[in-house]
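Next come two complexes, and both contain chain A; in the first it sits with chain B, in the second with chain C.
Up next, the complex of A and B:
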């Protein structure tokens, strides 16, 4: 029961927000995170085209031995990635909440440029309030 | 003096009446200046009648929207665009605040007019505030309720300067979603609100310079102070009225 990290990937595959919670995750450089996000974006694109039954929203969960990676794809193509421990029952609700915070604090902020890295204090504060207490 | 004033008023009246006359030709179907909701004449020219479900906004009764609410999200997006538009056309934070103030001023003039009109039609003894403190109180409650749906949180008087008063809002709804970047930390988007207050004070006969300042506290990170600096003449008149 733990949240390890949150990524936000824009529709072009660029990492616009990355944040670790706790110290469970290995420390990577900003560049490495960008590469990982880009790769994930590619994998997600592949999975969305492999569905045997028509259009698909692509991979939603990628599971490892000790953690899982949950993906929320929005209608605008922005992806929210939450890295959590294996047993985390409220992940979907949490991703929806993060999306809501994004819509509130980032999209309504006149000083944010769409598709660019998120440097909005309001988003940071609200995400912290939502995720780090857990 | 009185004569020239009368003249000016006449001039204003004539502007009003001539515009109301000429509005007939503006509204003609050939005019492409306005996109108006369909009137019969437009329907005949376009040949596509649409069902006229709601009355034209100009025909609606002014009290109809008294208790109506506007979506905070829609306004947040609109206000965000207003700030982005303004920011592209100014050369600094002071300029940006001044422009937002001007925009708010245009809102405030109408808010005052509408509030006065409404209180005249609803209350038995409509009142025009002639003293500053009651006027400030009415801004704190009535104007704030009309514009933001809740009264402001506090009124303060400056201890250093006798001509300075403050209205405090702990969480202004219009800037709730705005995070000011670090390099612009001086900016307060509530300058728009300051403009509204300035217009209302001007309209009531209390000319003042109104500015907005961020005064965050631990419990209220969005706390904003609207600073009112009255003109000397107002202070002097208040002394006489005592």
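Up next, the complex of A and C:
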């Protein structure tokens, strides 16, 4: 039960927000996170085309041996990615909550430029309150 | 709960084996030169003259020749079946798929699968900071499982999204049928970059192994 990090990827595949929680995973450089986010964006698009039966969404959960990436794709194309330990039953609810906070604190902020990196204190504070205590 | 398909890739990035079970959307047959011979009879291009197996049955001849990782699409008609030629991803979709199709030819599909698996594997390694393996990913329609052997063979299986981890199954396919009918089979040229590993015994044994998975059903 641990949350390792949160990413927000805009609809063009750019990383607009990245935050680590705890020391469960090594902290990489900002550049490395940008590259990983771009890769994930591409993979997400390909995975929906590989479906062996019927139409498919993109990858929703990506598992390693000790952690997983949970992806929430919103209708506007923004992706929220939560890195957690393997057993984390309430991830979907948490992602939904993060989306709500994003709508509240970022989208309603008149000083925020859409698709650009998120530099809103309110978002930071609320996300910390939601995720870091866990 | 179902199993859709199994891909085996060698360490040269080529798809050397393919088999499917309850797959409703099939790929189109591979374009000539797109895949190696002896991967899957029904999916190989029907017009290849030089390939060993000429089977009319619906799943049979895929071949992948080159070591291409990324799905490239070039419409070069002069593309020939040549092991050393560069990226073999041709976008030509001459052969008809029939029924519901993914819209991709088999060779393109195999390359996409390999590309996704390889990228995710590198991503997990990078994120974990140690040699952690990528295990699986899940979408709304399917789940992809990966088992990689020390020799670089990648066993990729697509199943129902609700399936539990199939790593043990993939390992048992490797430890059982693969070792028995491929590694210990003098007629299979492994690592040749020119031929897949398909043979009757391996196909039958793999089929049995998959059908014995508890949640395999129609």
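One rule holds for everything that comes next: the second predicted complex is superposed on the first by the 130 of 134 C-alpha atoms of A that agree within 3 Å, B and C clash if a C-alpha of one lies under 4 Å from a C-alpha of the other, contacts with A are read in each partner's own complex, and residues count from 1 in each chain.
Note that a residue touches a chain if its C-beta (ideal position, glycine included) is under 8 Å from a C-beta of that chain, and two chains touch if they have at least 3 such contacts.
Just so we're clear, the structure is a prediction, and the values are computed from it rather than from any experiment.
Asker: Looking at A:121, would you say it contacts chain B, chain C, both, or neither? Reply first, second, both or neither.
Answerer: first
Asker: Using the touch definition from the top, say if A:129 reaches chain B (first), chain C (second), both or neither.
Answerer: Touch partners of A:129: none, neither chain B nor chain C.
Asker: Which partner does A:49 reach: the first (chain B), the second (chain C), both, or neither?
Answerer: In the superposed model, A:49 contacts chain C only, not chain B.
Asker: Look at A:111 in the shared chain and tell me whether it touches chain B only, chain C only, both, or neither; answer first, second, both or neither.
Answerer: first
Asker: With the two structures laid over each other on chain A, which partner does A:25 touch: chain B (first), chain C (second), both, or neither?
Answerer: second
Asker: Going by the contact rule set out at the top, does A:60 touch chain B (first), chain C (second), both, or neither?
Answerer: second
Asker: With both structures placed on chain A, which of the two partners, chain B or chain C, ends up touching more residues of chain A?
Answerer: C
Asker: A:36 contacts which: chain B (first), chain C (second), both, neither?
Answerer: In the superposed model, A:36 contacts chain C only, not chain B.
Asker: Considering each complex separately, which residues of chain A are in contact with chain B in the first and with chain C in the second?
Answerer: Comparing the two interfaces on chain A, one with chain B and one with chain C, no residues are shared.
Asker: Can you list the chain A residues touching chain C in their complex?
Answerer: That would be residues 25-26, 28, 32, 36, 39-40, 42-43, 46-67, 83 of chain A.
Asker: Can you list the residues on chain B that touch chain A in the complex?
Answerer: Those in contact with chain A are residues 73, 76-77, 79-81, 83-84, 87, 177-181, 184, 189, 221.
Asker: Could you list, by residue number, the parts of chain A that touch chain B in their complex?
Answerer: Of all residues in chain A, those touching chain B are 104-105, 107-112, 119-123, 125.
Asker: Any idea which chain C residues touch chain A in the complex?
Answerer: Answer in residue numbers: 4-5, 20, 22-25, 71, 102, 104, 109, 112-113, 115-116, 119-120, 123-124, 126-129, 132-142, 144, 158.
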